[in-house]
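Heads up: the structure comes next, in structure tokens.
Lettered A, B, C and D in written order, each chain numbered from 1.
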Amino acid sequence: MKEAWGRWGDADERGALNLIDGATVRSAAQLVRSGRAISLAQPVSAAMATPKSRPGVMHFMNRDGGDYAAGRRRPGGFQFADDTILMPLHSGTHLDALCHCWYDDRLYNGFAATEVRSNGSSKLGADSIGPIVTRGVLLDFVALVGSPLEDGRAIGLDMVRAAMARTGIALRAGDAVLLRTGWQERSSAGAPVDFDNEPGLDVEAGIFLADAGVSLIGADNFAIEVLPFPEGTVFPVHQRLIRDYGIPLLEGLVLSPLAAEGASEFLFVAAALPIRGATGSPINPVAIL
Amino acid sequence: MKEAWGRWGDADERGALNLIDGATVRSAAQLVRSGRAISLAQPVSAAMATPKSRPGVMHFMNRDGGDYAAGRRRPGGFQFADDTILMPLHSGTHLDALCHCWYDDRLYNGFAATEVRSNGSSKLGADSIGPIVTRGVLLDFVALVGSPLEDGRAIGLDMVRAAMARTGIALRAGDAVLLRTGWQERSSAGAPVDFDNEPGLDVEAGIFLADAGVSLIGADNFAIEVLPFPEGTVFPVHQRLIRDYGIPLLEGLVLSPLAAEGASEFLFVAAALPIRGATGSPINPVAIL
Amino acid sequence: MKEAWGRWGDADERGALNLIDGATVRSAAQLVRSGRAISLAQPVSAAMATPKSRPGVMHFMNRDGGDYAAGRRRPGGFQFADDTILMPLHSGTHLDALCHCWYDDRLYNGFAATEVRSNGSSKLGADSIGPIVTRGVLLDFVALVGSPLEDGRAIGLDMVRAAMARTGIALRAGDAVLLRTGWQERSSAGAPVDFDNEPGLDVEAGIFLADAGVSLIGADNFAIEVLPFPEGTVFPVHQRLIRDYGIPLLEGLVLSPLAAEGASEFLFVAAALPIRGATGSPINPVAIL
Amino acid sequence: MKEAWGRWGDADERGALNLIDGATVRSAAQLVRSGRAISLAQPVSAAMATPKSRPGVMHFMNRDGGDYAAGRRRPGGFQFADDTILMPLHSGTHLDALCHCWYDDRLYNGFAATEVRSNGSSKLGADSIGPIVTRGVLLDFVALVGSPLEDGRAIGLDMVRAAMARTGIALRAGDAVLLRTGWQERSSAGAPVDFDNEPGLDVEAGIFLADAGVSLIGADNFAIEVLPFPEGTVFPVHQRLIRDYGIPLLEGLVLSPLAAEGASEFLFVAAALPIRGATGSPINPVAIL
């Protein structure tokens, strides 16, 4: 029996997002000061860096302005362009649904892994997530350390506490915690992207946040957790947070523009595409200051 | 020279969304009462109804629970599922970017249609939209008329005024106006979906909203505007609103749950995927009450 | 233990195609008289009819002449167009690989069905088929009956024998037998395509051909076998021929141009795309007269 | 006016393939000696090397054996697996259709480049190619030189003549000439694939073959022609052969197994998928010895 299993009923598919209630949303809305809305998403394109294990994004135009230049005409003067995308659901800035990973053949809340088949998952899919509206809290490790964290640097409990102390606020149930490690901005500054090495949470720090009642953990790296993994483990933070605590993970965030605003708390809104039975979704989360 | 061309500078790519400023966002945030967040998006799946002219959505599992049931094992106990989607960008609930349609070979703000090529549009793409945070206003024609509007029913100026009067509020610059025609809920109630016939705005009513300074128009139908078109025209509302007024359109909304809440104004947040040069994006807009 | 299991060794993945040897190919080559080569494939396009259970073909241009018309220029004068296809492997004219279907959790030759996973099949995939060069024999039921067979018409042993008698030749081990039912030509003549009803082989006739030593059975219908199935069965001919006899099936052929030539035997060449672990492949089989 | 334009009529879309007639096919069929059929195609998979400018192949299982292991059951005992491929049409072993490249806004036979639009080409597409059945002639430069040719090595007229002399045969109108440079086998032996450097034909040698009346030129490299190009040119052999001579090119062949047979001439059969308006097609060409 795992930490969050059964906590919101045997049929629950939303996990820690249940920690957000009307009061959470109301108080988060009161954080709006300047009215600036900041996107936390990377642009999506075929040029995005992609890990070896996943195909890249493809963007196809079914109709475009070139067709009209080439002589096509439409009745009524109407001209249009239209397109199709092929994208791995875990590319760029995306949310991991609770059916994305597990161990011992059981998903979050004890659902059988055999629920996840070739036509998608019948439980815990991206369509069961719903809009996420809550307080966002930025833990800025780049500011804490004075530079982007180096690859392989584990963010442990001490660092989390130190970053929290910098904010001057205390975590509350339902918070969405966003971790700025600097990995993404180093990459976008031109360094080649290495998906096998990155700074990120260690298991102890992950569980600390989970026990504090966060509803969501996001980061500007590829996998929230430190890579490479501690010897003998594979994605141990994913295993514990997603499967045992029911916490969705939000990966590939762009956090430096938010950090530049200087605010540690803000209204956070993120709504995954409700793709039936999907293990994740591209997403464009918004911080409203 | 068209209504909004040059209004926000010759290089502007955001059109009427420029009407939203910090004050708009701040006052919209103050509309939050109960803290209920409501998704306005349809579920995305291969089973979605799709117009003849567009391919359907395909959702492929690259790895799933069946593979483990079939004997695959991973080191470290980690098990996962992973997927890829192929989707036309104008399927389901989606936002039309300003490069989606035009006439006379010129896009919004005078950009040449030849900017839109096989690798996407170099101007006015979905990546130039940014997060939309503003006041949402629901115009509920189903409530006004007492039933879903019939196919082919044009929503004219009088109906818009009557629906506004029901709300007891006045439009303000930057508002996102959402039109409930009942088309979507009729479809989802099992009627076969006919993409060639629907209730929707006529040109005069569309221009009335545009002149009132709305930043966005959304609807629960396929095309915002009435289908079939008036004789001799093809998507005339699209042509005027998108190309001349720079107003993005939000199509395929699910509005009956929002209508059931009884609120006519609310905090509205919608963030398209920032797909480089895309003519649109699937989206999960949120009403926060 | 099934008819062909173990016949060519426990590791065999080619099934009845093993019945083709050098002598088969040499004598087939001697059938060439006029030197006319006839394609037996349907054109591939997004406009193809597709059964409900499968997505349609999509053909995307990554670059086209419209881009140059829109102003793109390339160094060195070079201009090009380039494209990408998405296609279900069992659409249009295609070959069923031996991993395509089975029963009782065992594939042809006793391989476990668990060999077929989300990354393809590790056994009996399209890449194990190799080029098929042999004598083709046309059984023309349209000519036999005087018109295309009606939907639901079972082609039984008597009809197969009668069609053979018309040809004046005897089946030999290794032959590729092609059945003209008229289904495809009826469809292409404009009748709407009904994938649930078609004339085709019954089980007894299928086993007769298998026992005669054919290496391949093709037809101009969707499924070789008659639809709807006899009560209580689902694709019984597929089950027996593919899984028990190791005979690949070639579906969706265009046979009327070949029939118009009046030849019952010919050099037959068909080479599936060697897609690793695929359950089938689009194919363009050729009859050389 | 270019070399082959108008030669087979103003409406011609098959170019040099018109040089193959019944007599060509009949005499090619007489080359069959052992009856061995050899595939000249690379396996197709997501693991294939792909040039930077093109997306990779993706192979998705819509249903697989894992689903049955996970508990899915079908009526009638029937079980199946089914898949979908996404592939750039110029990946792996493929044929360039005559609409693939051009210069000065005119395609082969003078067709306008504006015929090639987002929905494919209305002229010279892969669907106009038809089955290719003719004599194949192997020019084995690896055997000539004693080792795979180095990258950047231009195959000039002298080398072509020397390789021809080794075969002891003379080119005839309609021949398909296949060039073994060793590039592919070097790559498959584990060297990383560099799509910007390869041995291949120079323009003079290409035109020599074209003037000799070949119907098709194939090679075991990426682009038939030498890379990098001579200064100031871009794909000059493509420009001349495809656009001016109407000769389709067959790229990415696997030729070492054929070379190992020791035969310089053979029956050659290759049938592109008849994809409407496509600029090329994956293909599995066969040499029959």
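Note that a contact is a pair of C-beta atoms (placed from the backbone, for glycine too) under 8 Å apart; a residue touches a chain by one contact, two chains touch by 3 or more.
No experiment lies behind these values; they were computed from the predicted model shown.
J.: Enter the minimum step count from subunit A to subunit C; a value of 1 means the two chains touch.
T.: Graph distance in the chain contact network comes out at 1.
J.: Go through B-D and B-C and name the pair with more C-beta contacts between its chains.
T.: More contacting C-beta pairs are found at B-C.
J.: So subunit C and subunit D are the same sequence; what rotation in degrees superposes their CA atoms, nearest 5?
T.: Roughly 180 degrees of rotation.
J.: Report the inter-chain centroid distance for subunit C and subunit D in whole angstrom, where each centroid is the mean of the CA atoms.
T.: So the centre of subunit C lies 24 Å away from the centre of subunit D.
J.: If you average the CA atoms of subunit B and of subunit C, how far apart do the two points sit, in angstrom?
T.: Whole-Å distance between the two chain centres: 45.
J.: Show the residues in subunit A shared as contacts by 2 or more other chains, in ascending order.
T.: Where subunit A meets two or more other chains at a single residue, that happens at 55, 58, 61-62, 64-71, 84, 86, 113-114, 116-119.
J.: Mapping chain-to-chain touches, which pattern fits: line, ring, star, complete or other?
T.: Per interface graph, the chains form a complete graph.
J.: Residues of subunit C touching subunit A in their complex?
T.: My answer: residues 58, 60-62, 64-71, 84, 86, 118.
J.: If we count contacts the way the header does, which residues on subunit D are in touch with subunit C in the complex?
T.: For subunit D paired with subunit C, touching residues are 21-26, 29-30, 32-39, 41-45, 47, 54-55, 59, 61-62, 64-66, 68-69, 74-90, 99-105, 112-121, 127, 130-133, 229, 232-236, 238-239, 267, 269, 271-280, 282-286, 288.
J.: Within the complex, which stretch of subunit D touches subunit A?
T.: The touching residues are 46, 55-56, 58, 61-64, 66-67, 70-72, 86, 113-114, 116-119.
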